[in-house]
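Okay, got some structures for you below.
Common to both upcoming complexes is chain A, partnered first by chain B, then by chain C.
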Partner chain A sequence: MRTRSLAELMPLVAPVHILILSVIVLPSIFVIWLSVTESTYGQAPTWVGLANYARVLADPAFHGALWNTVVIVVFAVHIELAVGLLVALLFASGLLLRRLLLVAVLAPYAVSEVIAVVAWRYLFDPDAGPVTLALQAIGLPILDWSFEPVHAMILIGLLTIWLHLPFTFIILYAARLAIPSDLYEAARIDGATPLQAFRRVTLPLLGPAIVVALLFRYIFAFRIFSEVWLLTGGGPARSTEVVAVYLYQEAFSYNAFGTAAATAWIMVVASLLLAAGYVFLLRRQVTSNA
Partner chain B sequence: MKDKVTFDITRRGFLGTALGGAAALAAGPSFAQANTLNILSHRVHQAVLMPDGGENLLAEWKSAQDAEAAFTTFDSNPLMDRLFREASLGSTDYGVGYMVDNRPTSEIASLFEPLDSYQKDDPIEDFGDIAPGLVQGMTVDGNLIGIPVRHATQGLFYNEALLEEAGISAPPTTLEELVEQAGKLTFTSSAGTPVTGMILASDLAVFPVMFARAYGGDFITKDFELVPSPEAMEKGLDTLRGMFEAGSLPRSYATTKNDDMVTWIQQGRAAFTVLPFARNAQLNNPEQSKYPGKIKATAFPGSSSLPSGTPMAAVTEAWAMVVPKNAGDKQLAWSYIKEVSSKRVTTGMALNGNGPVRVSSYADPALIEKNPVAEVEAEVLATARGAFPPFPEAARAQATMLEEVQLAVIGRKPVKEAVAAIIERVKPLMPS
Partner chain C sequence: MRSGRILVVAGKAVAVAALLTWSLVPIAFVVMSSVKPGQEIFAVPTVYAFEPTLEHYAELWRRWGQFFDGLIDSAIITAGATALAIIASTCAGYVYSRNSSRFLNASVMFLIVVRLIPPIVVTLPLFPLVNIMGLNDTHIVLMVLYATFFVSLGTVLMRTFIDQIPRELDEAAQIDGAGRLTILRRVIVPLAAPGILAVAVFVVVFAWNEFLFAFVFTATKAKTAPLVISEMIGSIDGVDWGILFAASTTQLAPILIFVVLMNRYLVAGLTAGATKG
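The block that comes next holds the complex of A and B.
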């Protein structure tokens, strides 16, 4: 086989490099530069060093937003994973009307986030929403999300789980279907109970898929914006604000591009730290169980 | 007869057809006007000029300039962001933008063309007829950077049918009466709808500022005095809190938005609200409202505790047309501004629901006949002023104030502490 020189290969790989450079690397460098300047419309950027980072990290509103984001990420992603796994196993075990149910499970992913939030806002309207009225009719407590921050956070969590469940489900379902059936047959012959088959066969083999689903969902969930912005706007009194809403306000309401850029980089680092620690632990556990 | 249809095309045939088609298009008649003026605005600015099924008020300008007006529309905040971003670029395709009057700081104003020389060389018809206060609001560092085109002056809207049902014969004339009537109107109507006395959005400074002004106070005066009377602000917030506790404001107050106010009034879920007078037609639109013709407007009342004759300064917001400094054809932009500012178009827009910036428009018989709130709007406008003056950190100051107001109204913070926090937190944001 002929070995090609670097000069011959460059034209073939250059488009990819140019694309990555232009849409990821250069904008990222620009945001880093923006984060160490103070700038707004009509004002030339002035160098401020790490002052923007210090200002954001010292802002109590940012602490609140970061805490809310972490709470939503940790709860929503894990519940979503558990439900997604359950549904995937249910489908894999054989269901009546499987194709129809598959469409039903995947449907939320086809719905625009804006439309989904508007629909949920209507359904859970604290005065006249059909779900609220139904809960009241059967004597159950309602979600008082427009007044109680905790209720608002629960509704945001439920909404984000509903919206993104198809993503987790489809990854786990595909991975489950890829597990050879003779492994289950061997487990059954060896006398394994269904629970033991799940622990010893399904879970270890689904491990890599779980890691991938978790990693992506951690990163996506950390950027949660539409659900919060359209449902509560971060209120009452910023009590449900998340980091992406904080960033949006800095950039587009206050036009403070320096602090907005610093917030963006803090977000990147925080989400990677949160995801990296978990993925490392999970991978180690999966490896030791395998 | 052939039973098989074939479609053979050669490279030569394809290229020949493509080139011939391109040549025919190039040599043929022009399908577009010679000039296009790109405009950044809110949807409402376009709608009052070119209403669906109504007269196109720009027809004469289009014909005279052989030009087309191409609107790109956004909601208020995204519109300001896009306008400022366009004006910050090396050049922009947009010739005219619409700017709200609480945004032009010195930095922002520097992005836009001073219009004094245009006005001197090619003046707008009877410029003195345009409300001087609105013109002053668009004069920054001595330069006129925008021509006022619309004002949105806040009035008190009420559902006359619900008032009658509750045995109330006339709308309130004092704030105390308003609170009392809102309390009576928190009931289940004969239609079976649970009614809340009043609906107010919690994400706009307009409402707490109106309540503070009703007691003679303010948030930030035009001279940049922060909360000139903390007592008046406390009374205003106490009143809002009392209404919330009594159920006269909905429990969802802290997440209520502007659109909710319109919907609740149209559906009969609230009896009172505060909205711009220009919303009158929308609130009474038979296609949207359950109470067409029954939603009326009056001036927002001041407190009876104020000395007799003290005028209530309602909040007004004005929009102006600006020209980015980096725009291309500025003469075309100015011709558009001149046309839209003319008496004919100003009155025409007013008939389509725009708040007219010309004093003379309110005397127009057609407007008086078509717009039942024109007279009261003109009276309110005489003493109205902006919610706060423009300064670099105004948006952050507003958000900070609203956060404290929300905490006070829903009972998570004592009113006195909330007002003290407003002063303490907003002070560092004020211009030096």
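The block that comes next holds the complex of A and C.
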């Protein structure tokens, strides 16, 4: 009976799994094979063991790309989380026209990375961008992002926060709305200040949502490609390259599929480690709550 | 006490103003600059009062016919990817919602783990494979890629939404002699419509806006609108910003309106997607 019904269900589950196996899983496994061979176009691949990994891990350009990626993950994602949390609390505190404001905050979700780059390149144009002019008018330093690597990284960070704040905000806001208001009532009756209520009620109950938002954003920020590629192309002089741009360059600019594949698996393993850390944290949270 | 309240209201007003500036100013500048006379786009100081003009749109139409081909390609690919993702996710979500076995539970876990693989990884083997199969620069490649990268989230979302439909309805239909497919079509799909719309929002936004896969897998015939716009940015010495803004506004307007209209489903989808999968 069990096997018969499973066979009966198969046709309904099959499309999803065929797509995932043929487009994601099998190609990813094939990338392992690519990563232990040396191959370029029109050449038979030869076995090289872990040489590609060794070469990538010893490449100063990879170190730079990895460092930039980690900087974006650490700075952009945490700033985004802090801002998303503040906005969620602002919304939860009661606002006029809340639905309308919510839609306004969601708007960047609809914007393609390409269009976002157009907008931000224009706003921060070092000579005549409206934001540059506004910064100069109030005597603040401007972002000279086409020459200064640090400034370029700041612009990439701002751009990626702008694109993804809607996601982080919605996750935190939904979790905040799920906290029963009696808890705040009880805290108030017990004489808690708003700050105490935040630390003792809001923060602990938002914990799981914060972990989820962070994990998703770590994993997605780690793959960042389009923003960097379109804004700086990794320049000036490879100084803003990230891991995905490094991979793309190896594969499609230098035809070095072996090292590109090794880079790809380093990315997969890093993502798996991030996720494993997350599952570990969740487990600990569950057991400490029980 | 009274002045304290005023302070709170004022603080909130400032915060809301800052938030609106942050979210909307980049979009507003793109749209505004698309109808600004060319010589005023980079005027110092920034010009806010100007006579709107459609010259950039006319120029875009004259000089970048391939942008409009790109819009058509984007529309075809978005429609195909969305249909594929919705059909596959709804069927699988239905099975996962109504049945449970060790095999099925393991395969849900598998769907979640697959989301950890960065999309750029699969371009390496798929690029030569797609060439060998003669599918390079076709709509079908992007449709399948876009749908595949959302079917795992889509399935988990659909399971969550279908879980909320009482099983008694399936059983009643079954007693009336309906088969599994009929139940899916007549009972589940109408009641799970919000879930289907949530999945649709994700796939439509992704497929309409995506850059990396389009960049790797298309050249001329299936080039999507974002890719054409990126080429406009790329012609670095000759960027005509007016045309660039006109193209950006044209690409952005439909998807922005779509997200505004569907914001409820987007919020529901993001919330369910993050907590369940």
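Annotations for the structure displayed:
Just so we're on the same page, the second predicted complex is superposed on the first by the 247 of 290 C-alpha atoms of A that agree within 3 Å, B and C clash if a C-alpha of one lies under 4 Å from a C-alpha of the other, contacts with A are read in each partner's own complex, and residues count from 1 in each chain.
The rule we apply is simple: a contact is a pair of C-beta atoms (placed from the backbone, for glycine too) under 8 Å apart; a residue touches a chain by one contact, two chains touch by 3 or more.
Please read these numbers as outputs of a predicted model, since none were measured by experiment.
After alignment on the shared chain A, the placement of chain B and chain C results in a clash. In the superposition on chain A, contact of A:Asp127 is made with both chain B and chain C. Of the two partner chains, neither chain B nor chain C is touched by A:Phe280. Set against each other, chain B and chain C differ in how many residues of chain A they touch, and the higher count belongs to C. By the touch criterion stated above, A:Asp144 is placed in contact with chain B alone, chain C being left untouched. Of the two partner chains, both chain B and chain C are touched by A:Phe252.
When both complexes are overlaid on chain A, the residue A:Ala237 reaches chain B alone and has no touch with chain C. The interface of chain A with chain B overlaps its interface with chain C at residues 125, 127-128, 252.
Across the complex, chain A is touched by residues 77-78, 81, 84-85, 87-88, 105-111, 194, 202-203, 250-257, 269, 392-393, 395-396, 399, 403-404, 406-407, 410, 412 of chain B. Of all residues in chain A, only 2, 5-6, 8-9, 12-13, 15-17, 19-20, 23-25, 27-28, 30-31, 34, 86-87, 90, 93, 95, 101-123, 125, 127-128, 130, 133-134, 137, 162, 165, 167, 170-171, 174, 209, 212-213, 216, 219, 222-223, 225-226, 230, 244, 247-248, 251-252, 257, 260-261, 264-265, 267-268, 271-272, 275 touch chain C in the complex they form.
Those residues of chain C lying in contact with chain A across their complex are 12, 15-16, 19-20, 22-27, 29-30, 33, 41-46, 84, 87-89, 91-92, 94-96, 99, 101, 103-104, 107, 111, 113-114, 116-127, 129, 144-145, 147-149, 151-152, 155, 180, 184, 205, 208-212, 216, 226-227, 229-230, 233, 241, 244-245, 248, 251-252, 255-256, 258-260, 263, 266-267, 270-271, 274-275.
Taken together, the chain A residues at the contact with chain B in this complex read 40-43, 125-128, 144-147, 152, 231-233, 235-238, 249, 252-256.
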